[in-house]
Amino acid sequence: MPFRETRLFRLPMRHPGDVSAIEALFDAGRLRPDQVVAILGKTEGNGCVNDFTRAYAVDALSWMLERRGVDATAVAMVMSGGCEGGLSPHFLVLAVAEAEAPAPAPRLAVGVAFTPELPPEALGRMGQVRATAAAVRAAMGQAGITDPADVHYVQVKCPLLTSARIAEAAARGESVCTRDTYASMGMSRGASALGVALALGEVAEDQLCDAAIGQDWSLYSRVASCSAGVELTRNEVIVLGNAPGWGGELRIAHEVMSDAIDLPAVQRALAAAGLAPRSGGQLGEDQRERLVAVLAKAEPSSTGLIRGARHTMNDDSDINATRHARALVGGVIAAAVGRTELFVSGGAEHQGPDGGGPVAVVVREV
Amino acid sequence: MPFRETRLFRLPMRHPGDVSAIEALFDAGRLRPDQVVAILGKTEGNGCVNDFTRAYAVDALSWMLERRGVDATAVAMVMSGGCEGGLSPHFLVLAVAEAEAPAPAPRLAVGVAFTPELPPEALGRMGQVRATAAAVRAAMGQAGITDPADVHYVQVKCPLLTSARIAEAAARGESVCTRDTYASMGMSRGASALGVALALGEVAEDQLCDAAIGQDWSLYSRVASCSAGVELTRNEVIVLGNAPGWGGELRIAHEVMSDAIDLPAVQRALAAAGLAPRSGGQLGEDQRERLVAVLAKAEPSSTGLIRGARHTMNDDSDINATRHARALVGGVIAAAVGRTELFVSGGAEHQGPDGGGPVAVVVREV
Amino acid sequence: MPFRETRLFRLPMRHPGDVSAIEALFDAGRLRPDQVVAILGKTEGNGCVNDFTRAYAVDALSWMLERRGVDATAVAMVMSGGCEGGLSPHFLVLAVAEAEAPAPAPRLAVGVAFTPELPPEALGRMGQVRATAAAVRAAMGQAGITDPADVHYVQVKCPLLTSARIAEAAARGESVCTRDTYASMGMSRGASALGVALALGEVAEDQLCDAAIGQDWSLYSRVASCSAGVELTRNEVIVLGNAPGWGGELRIAHEVMSDAIDLPAVQRALAAAGLAPRSGGQLGEDQRERLVAVLAKAEPSSTGLIRGARHTMNDDSDINATRHARALVGGVIAAAVGRTELFVSGGAEHQGPDGGGPVAVVVREV
Amino acid sequence: MPFRETRLFRLPMRHPGDVSAIEALFDAGRLRPDQVVAILGKTEGNGCVNDFTRAYAVDALSWMLERRGVDATAVAMVMSGGCEGGLSPHFLVLAVAEAEAPAPAPRLAVGVAFTPELPPEALGRMGQVRATAAAVRAAMGQAGITDPADVHYVQVKCPLLTSARIAEAAARGESVCTRDTYASMGMSRGASALGVALALGEVAEDQLCDAAIGQDWSLYSRVASCSAGVELTRNEVIVLGNAPGWGGELRIAHEVMSDAIDLPAVQRALAAAGLAPRSGGQLGEDQRERLVAVLAKAEPSSTGLIRGARHTMNDDSDINATRHARALVGGVIAAAVGRTELFVSGGAEHQGPDGGGPVAVVVREV
């Protein structure tokens, strides 16, 4: 096996079907289509049940890759809907290229794996937990990561329940974890996150059961980031960590925000990656150039409070709670880094503590 | 005239009609109802045309004050709708009490004034500009502020156009500045802000005309904060500044955010008030206790960009642009101060530069 | 006991706090405040959790009635939020006045009753069902209605579960039907509706059990209309029917819409009240003048289909499903009657069949 | 030239990217891809500026047609976003096949034409009006319709202004008709409708000018239906009428709804097509089978009233006015026909009178 190098490109999109920035990379010879292993996208839908911007982007990416001779089904595509507040729509393209030699220190390593198709009745339950854990272990192996401590971010894209899928299960005499299609997104994200925690030893299997999913918030992963979407019926898993033997200049670090306004946690993550803020508490332009990507989770605290003050996210029937949370956390992180191209994903069930969530940064070493 | 002291109380509300925290102050003898000169409120509506949480709060406050023998019409009430992201609903009660002696240094001074009733055809036009300027000068006089440089925050509550008001004007053969009721809020805020700028000499009268309102963003006030609401038909003006001869412990400072993620400007405003952030870039608990109130304006940049990256606020037909902007700026400021009880008001037309806005802080001197 | 006459006034509101049309009735001497027994209102909020237009209207009505010496707590007030589509905000004021003599035929009769306080553990369960049934029988007695077939509309306002109430029950070792406070609204409505059905013999007691509530949609009332509110801890019941011995000119009739577009059911209800549509299928102006009020329930079908065609209500995360349903049913009924002042209320658990609901009309006899 | 026959298929979609029902027609040999001349679609987005379901459907249709060897750019595709209330997402596929002989009476005839690319500065102004009129005349010629009275429906799909397009025009020193992207949809629809009216002689050219567009509602077309979308930059025009010399069984008729609840107008349109409602005012199942398609426009009245009662559409900042209007008119028409697969398009500026709009029906002759 030749030496490998993980490459990561942050690219803008003009609308959910606009893949021109990626094609420009291909046409310029800066990236080979067959090197792409995963594409993350922040698309400008509502991030909830009827957010078709995710499927639109996935279809546009798939048609484009197929036109260039790539089997799109082998590329993990995770579109996170919702660009509330200042969040800017963008793609994060992950590729694995050959490297002449390994770097002197551990470098960004990526592994991708998929679960089998998940029937509606498995979502939000132990079936999804165990299938996800197996996929995480497979992806770690692919990335050459043996110590869970070297895993800094695990992206999972998981299915949700729609009226049609609930009816299909009922037709087979199967029950589902919830008949509320919006609530099903949280159950699927939560079960997937616990699958990551199980694979990384953050929780023990005997702590887990169907009843704990979406209920016992003391159980969580510090590196999981899960997004639910109507466009897929299996879990897609992308493991990011630092591993020896990889080439390139990229390194990843992470921290956990204890609540939605935990700026110090964001600063610690940046510091762990070698980026200390300038006066005013914000990165300088030169530092921003080294910051390739920021990935974070956001959710409203279930207590209805942030440091004792009431928030209205959970009781708002006009704007879904996850939309408020993305806007808020996006503002907190933008304050620190001075940029709005942030992959802030909503719904952090079992991903970090209640009301908080993981934040990971990928930087270019100097 | 006896010595005066401005008092400011930040109080939570459980819902827009909940004035119990204010009544508790009265019942505990900590504040006399007749000392109240103004009440600002951040209420959990949409902050747009059909936001009835503002009128609900004003009615609840008025009924409560009348029950306690106060003429509520003499109290300026400015409810700013919209608690997007993490913003926490709260009241800011401004009162003027007698002081035994003036403080050794200038202290927070407040002045309140009202324009005459503004007919629909005056909104968003020079009529509203000039009436607002006159009210600002009257309020400065009341506060004993002679130098415009000592004015750090001018809150204006202004009317908007509804279908009914447009029809009423048309019935009198009068035209209005716009038939779009939502757009009318921005025109009314903009004309009011230019009225503040005119009174403070930030712009010269010959620079102003109907056509410049809502068009020439190079004209703006650095201290104006204007909110439009369906519940009033005149402008209410509250001037806050530092003036000699006042007692008490409160002082106000301000800065201007050049864009929505200008954390350094927020840090400068805090520093000007004597609050330097701890490690991690956020105020410590002891510093937060000295920070009585934070007041800021938020708006989406008309360019559709934040530091070159596209935002989706202006093209979102599900969530109004001002709602996105409040959530974003609320996140940026909460990152700096570690609190979500922030009076972040949307729609900063002619209030600070395009996409930015004023931020003011009131602190208790030690 | 003197002869009685039920009076019903349909009055517009300019905003949720506008009770001027009711006060005008009082001031004109057309209605005595002490004669008011109930006020229904269609207010322009979202009809969901954070709809404060309902509380605003109730507070405004209460303050106004108290000013006029009426004990507002003795007046049943049921505000239904949501004026989607063309629905026009309005009040329906029910009053009982003395009549000189009974009418030659049965006339609109009203009875109001309350259940005892309902402990949290009773909500959404048989305890609430039985208590509601008893209150319905009491209200029928007050209205002088003996035959359930003469009951055409039963409005119930019922409590919901809050975190505090759930904790209070737990402290006594009692469980509740759900720990999801939003879900508890539907459970409370459903149990209340089944209580109406039990009292009227629409379902037999041996068909009912805790497990059937919110599950077995084949069990429903054809005349119940229930709404849940946080401001009360008992059920308020308003029974409307036709009874002998009452004076006045009003009569009520009802039908059940089998789905959301069941125009023939609406036409049958109108015909039962003596109103046959003119050519074009819509009432004529003279007929509309006789039609005092229309009251109906609306909900999206849980199948996701209307006559085999997919609807998007249940999967829409931007607009709550009940909002779509009110707009749709409002359009169907407006097509028949040619008016948009319709009391169309959402959330029809056990109130009519899945996707359908009761529709009642009150007409003035000629 | 051989005899022609217009064919029209109404097909469901499971989501905006689902074109499987159309492909099934092709695969079954019931329709040849090269016969398709236009595809109308009702997609489940918000129907406003950031409704990407329209572009998603157009891309999915285009990719599918290209795969089958058809030049998709030659097929007019008009996606109307918004399935509020009960409206069911569906496609209307228009095709022209060869006929053995002309029918004994005039039959449905279709003509398609396109304007040149329209720069941002032309939208909502006379440039767009004249270009549209020319395209309508070209489409009539293609359909073999000489008398404007034989034109019953003209579908226009037109561009809108986005922040990006406004900036592009500004960069060239060009102004646009409005900087409000949402308002631009109405201006573009209005100018397009006046272009139809000009071509059909419904208004005279000397009545038209930039200032009249979006202002003088007395000027309108009785057959125009215009939808604006972000996915195109020219006007697409589809003319539908009855013409001699065409084969097949289809015929079209239309009427104009004078307001949003004008059921009699819908009944007249059905009657003109030979469909008289059964008792209950709704079509019977056998009649529904003959009713191939219903196409209508909806908009809120600018007066804020429907027959004197206040509606809340224009003042709702949570749900755009056109969304309310589609739900309402969809309910009125569904009441008459007993089906929710209705092509109800929002925004009827200059398409029918203020608050009303055209309604057309295509039926299969027996």
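Note that the chains take the letters A, B, C and D in the order they are written out, and that residue 1 is the start of every chain.
Keep this in mind: a residue touches a chain if its C-beta (ideal position, glycine included) is under 8 Å from a C-beta of that chain, and two chains touch if they have at least 3 such contacts.
Remember, it's a predicted structure, so these values are computed and weren't measured experimentally.
K.L.:
Please name the chain that ends up farthest from chain B once chain centres are defined by their CA atoms averaged.
P.N.:
Between chain B and the rest, the longest centre separation is with D.
K.L.:
Does B-C or B-D have the larger number of C-beta pairs in contact?
P.N.:
Ranking B-C and B-D by C-beta contacts puts B-D first.
K.L.:
What's the distance between the Cα centroids of chain B and chain C, rounded to whole Å?
P.N.:
Once rounded, the distance between the two centres reads 41 Å.
K.L.:
Per the centroid of Cα atoms for each chain, what is the distance between chain B and chain D, given in Å?
P.N.:
About 45 Å separates the centre of chain B from that of chain D.
K.L.:
Which residues belonging to chain B are in contact with no fewer than two other chains?
P.N.:
44, 46, 50, 164, 312, 316, 318
K.L.:
Which residues of chain D touch chain A in the complex?
P.N.:
Chain D reaches chain A through residues 14-17, 44-45, 50, 52-53, 55-56, 59-60, 63, 164, 230, 318.
K.L.:
Can you list the residues on chain B that touch chain A in the complex?
P.N.:
12, 14, 44, 46, 83-90, 260-261, 263-264, 266-268, 277, 279-282, 306-307, 309-313, 316, 318-319, 323-325, 327-332, 334-336, 338-341
K.L.:
Under the stated contact criterion, what part of chain A meets chain C in this complex?
P.N.:
46, 48-51, 162-164, 167, 179, 181-182, 312, 315-318, 320
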